[in-house]
């Protein structure tokens, strides 16, 4: 599978943390978007990140995924220092992710989107001497992934023809098909309707328990319902970390973040 | 095999048959020679087409790549080297130039890519002009022969038909391969591709090399056709016309380059015999094509056919239909 | 097809002599038929004016004199090559293979001319060059089918300019020429003429083709501070563009200047007007020469083309036509290498370019004029102020010696 | 001014989507448009705003007695309809403030007092802190606030919002709910396409549900739905 | 080669050539840089404007009148092209390319048919005569005038872009044409207006430029290429970038021609290629 061709990750004993962010910070000109956040993910751990709009969640996410380089602190992935390492390399180490704003291949079909994701820079993607085959393993995996998010009936449509919510579903399918060893999700449920949300919920629940997940969500039933541990941020800083219940009951979190519907 | 695919293959076979029988239809040597020019231009245009449609990289430097290859052959012939050496040198020089282009342009995108290739094309043109000890300056190199077996114009023409068929098929396969899908992914979103673990520049470079290699071949064929190469072969205007050919025929279509090349070459060489204001004619053809067949002649025809078959009566005339749409994948 | 496999450096003398004898007797007998002429010239694109003028000159002759000479009808097919050698070649092929012309005239530009000459000689069709200047056309690449009918080689036409400059007492000179074969040849001609007569060229500047802003070069000319500056262009815009910068810096009164043929042709005079009065140039054509044939030609041209004054390009086309006509008149219909040989063997006493004969390499030996822009009857003309008669292309060397040297370049100026 | 959509049939070049939608938004009313992903909410909203594609095949859209079915988007905006588009679509290369000032402001017949940059910043204090920042670099939620503020700046009579809750933190939703209530009392009508049913029912008094037949299958009040949730179960799968 | 007068003169040569480059790029900066319409007919507009301006200048000897007439004439042409042709393919890059190439072919060829192929330069009567003289330094007033015009146009463009709502609307329209129209802006006409202004600027530079480089067949390609180089080097859409790029190229060109003449041919393109290799979005361009 995809994992087989990945370059060997660094030292990785059982129980060693898969992802460590040590006092990372990111400054954009006058804005300190992320300010000294430390985070350790154990194998199989599922962490939620919440916080008001503009708290720095996505920026933190980008620091972990490699889209942005931190202005302070270090990031370690599977025991390897990746602070200055590019996105592609982190992906090859096994990091899978979604985008907060759908980032799809608009002029390609839905199926091709997922196929390209499934090949993820492996030697299969370099095959140029014969056409893509409709029944090969990659296509099967791609279809299965579409099925799991409920998009298989649109496999042959062009992405530009999809509704917003359908594009969000595709976004998730593309992250999952890479069979990542650590999964970062940035507001995966945004734009999804109720049914699709419960599908998503089931999907995440059914992922192997060994897969560590970092989840940013404003939907509290997901952010608090799917995770082992939740971190709340505000203005780039850490506010509180704890079990979902602890965070929900925290007075600061209630004041700065939770709405009437969630405080109930 | 889908019906579309069958129809396409059938049409292709018919076309090749027609092309191959052309010299036997009582055509004059001159007509065969014009047809040869069209085929060579079509091969070159199809490399531009591939890169622009699948890779999103519109190049203004392919004329110069082909020109460089032609100079490779020319120089070798000037030095009295054997035919094999001439061929080898043409390809080596062409591929070398391609590599330089590729490496320098990989970090750029869209219009910036266009400009880097333009600048490099101008450098090649400048070298062709200035490095006269090698290139004989603007007088160019004459008397470059083609292999004995191809000496007859019709033989060379048939050889060109073969080359056209092979290169077109090759590009067709590449475009539908996993690599082609990867390229389209890069075209649509480089950041997504990176986060999927693709080393984007490597793939872009790969595409550029494929396209540049075939362009080099076209350069060699061109010099075999005219027995002559001069800086004008590497001129920017030629590269611009290549893009024009591609758009006229239809970006991303298999036969578009041939149709586009035929129109441009015929206007330049044949219509100009009788119409003094032929540049105006050419310009009007471009304008009318865009107004009435936005996706290019082949592209729009294919779209009309497809729609007719499907029998849909869509309300809106097709608006921005992006390049990638015309390259379809097979349905499992 | 008959191929010309002679070594191009070998003078094609015998052939020329032989056909001379034959055609002499045969003339009256062959006095019927058609001479089909394929005329290639850039009528569109960047060289459109020069190309059109070259065609106009040719047509003018036949319009005045009728296109039937001695029972032979001259039929012309004009093809546009837009200044592109590839198209030029395709058109040549079309003319020869499809239209089966007896002779190809043109094209205009040196590089297109060399390409076409190579092709036509390989298929045994004569090729007449009314304007193209490339030295090699009648030197290293000379052959029995190619004749430079209306122009001179680049070094030949400018050599007398150097001689004249030295005669004027200038001791140092600086040159500015386009950086390609035509420029190298022109500059080499001037330089050799100047230095063989005691002058010294102290600096040579080369501008790339496509230069439009000459100010930096003019500044360099100025700072070089030589007694005279020699400037060449291949015609078109560089002439006026150079003059704009030159005049703008107020150098007209302080820096003596000699231009080549094409930088001071009528196109430049039309563009610049009286600003260029008094500027000197060197060329094998002088529209202001006081001779009846020139006056007649000027008048005929002016009548047909809105009072325009003919340039070297028009003259080249016209001269070529007149040569063909004279040969047909004297010999009846001649084709193939015989046509070239016949032209080459004829003395053209009253050519508008001055008395012209040809050397063994089919290159004209004719006058070169030092000209000055003067206003004559309200018209700006290049009026000859000194004439060098019977200038040949060897710059005082013998042919073998000349052709054994390398081609001219920035590095080798002779 | 009332928006009346009747028997609307709308489709794209590739497929027809809506097959007969009826919908009315009365003066000062607030209507929620519900439906699962891909049922055609955005298609309907775009049709009302005159955006192409899709194309209207049949039916009519009337606002304040004026037929706006085939008008151009800017004309429709000028009669007083403002759009918060799905996916925010802020002008990335403009600053926050420029995003607000770039839109033309209607003076006539506006609901309540006219909007100013200051008033938007009061509405969303978060934006005030980011006033000089390029909109492209705002966080997702900040962009959503900006999109709402931008629509308000046109001083609309009818505010159409396509999933405004997307990406907004729960506490902000409360604020929006409260403020929209205030605005309605000053005469602003609201059409809200939403996935967040709780929020939709809190904001809107009338509800229209579109299902996979492409029709407005269910029309009623929010109170009705609260009392009997079976339509929600049936059409939205809750 | 290093005397102060020579250096000063070369610096002025470079500056004035840079000013000319900026002028001939100015229209394209608007249309292509801000509006992202790949207007390959820009050079042809320059050419047409130059010819018309020259005809008027020759007839009247009045440079201002020539400029105004040329701007109006080309503005009208640009209007026709925009409304009659470009409007149908708005936002679609490739069709725009082909369409504007077509327009370029037609306009340039018709110019050849109408105005003939002679190179034409601004007649002395309409030009600014004489030369400035400071110490040993002599420099033509006309070229100083060109620098002045470029500065004025540059400042005006920068002001329009940053200080007026039109600038913001255009940028918004480029970001998201559909949304700005849903906000009540008739973006179609705004873009048409910009295109017309771009054409008029091309005509202005064509007329004024004809006092430095002659108008002639082929000038359309040369101008287009220079203009593209300038705005790409500077970074798309950045007026400041175009100005810096133009001056940079002008100076490099002037001094390279004097000091490293072998490279004279490459001085225009080499800086751009180098900059793009190291800064793929140009000097002042924002990475996309």
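As written, the chain order gives the labels A, B, C, D and E, with residue 1 at the start of each chain.
Keep this in mind: contacts are C-beta pairs under 8 Å (C-beta built on N, C-alpha and C of every residue); 3 or more make two chains touch, one makes a residue touch a chain.
Everything numeric in this text was worked out from a predicted model, so none of it was measured.
Peer 1: Compared with subunit D, which chain's mean CA position is the farthest off?
Peer 2: Most remote chain from subunit D, centroid-wise, comes out as C.
Peer 1: Farthest from subunit A by Cα centre, which chain is it? Let me know.
Peer 2: Chain centre farthest from subunit A's centre: C.
Peer 1: Have a look at A-B versus B-C and report the one with more C-beta pairs in contact.
Peer 2: When the contacts at B-C and A-B are counted, A-B has more.
Peer 1: Averaged over CA atoms, how far is the centre of subunit A from the centre of subunit B? Could you give it in whole Å?
Peer 2: So the centre of subunit A lies 42 Å away from the centre of subunit B.
Peer 1: So the centre of each chain is just the mean of its C-alpha atoms; given that, what is the distance between subunit A and subunit C in Å?
Peer 2: Between these chains, centre-to-centre, one finds 75 Å.
Peer 1: Rounded to the nearest whole Å, what is the centre-to-centre distance of subunit A and subunit D, using the mean of the C-alpha atoms as each centre?
Peer 2: Comparing mean C-alpha positions, subunit D is 29 Å from subunit A.
Peer 1: Once you find the CA centre of subunit B and the CA centre of subunit E, what distance in Å lies between them?
Peer 2: The computed centroid separation for subunit B versus subunit E comes out at 31 Å.
Peer 1: Where in subunit E do residues touch two or more other chains at once?
Peer 2: 109, 265
Peer 1: Among the residues of subunit B, which ones contact at least 2 other chains?
Peer 2: Within subunit B, residues 126, 129-130, 279, 323 contact more than one other chain.
Peer 1: By the touch rule stated above, which residues of subunit C touch at least two different other chains?
Peer 2: In subunit C, the residues touching two or more other chains are 44, 179, 208.
Peer 1: For a test of understanding, state which residues of subunit C touch subunit E in their complex under the given definition.
Peer 2: 44-50, 52, 179, 205-208, 210-213, 215-217, 219-220, 222-223, 236-237, 239-241, 244, 248-250, 267-268, 270-273, 275
Peer 1: Please output the residues of subunit E touching subunit C within their complex, sorted ascending.
Peer 2: 1, 3, 5-6, 9-10, 13-14, 16-17, 20, 109, 112, 116-121, 123-124, 131, 138-140, 142-143, 211-214, 216-219, 222, 253-254, 257-258, 261, 264-265
Peer 1: Considering only the defined contacts, which subunit D positions touch subunit A in the complex?
Peer 2: Those in contact with subunit A are residues 12, 14-15, 35-38, 42, 86-87, 126, 130, 133, 137-142, 144-145, 163, 166-174, 195, 197-199, 236-238.
Peer 1: For the complex, give me every residue of subunit B touching subunit E.
Peer 2: 58, 104, 107-112, 115-116, 118-120, 122-123, 126, 129-130, 236-237, 240, 243-244, 247-248, 251, 277, 279-280, 282-287, 289-291, 294, 320, 323
Peer 1: Across the complex, what residues on subunit A touch subunit D?
Peer 2: Residue list for subunit A touching subunit D: 28, 31, 51-55, 57-59, 100-102, 157, 161-166, 168-169, 187, 190-196, 198, 218, 220, 256-262.
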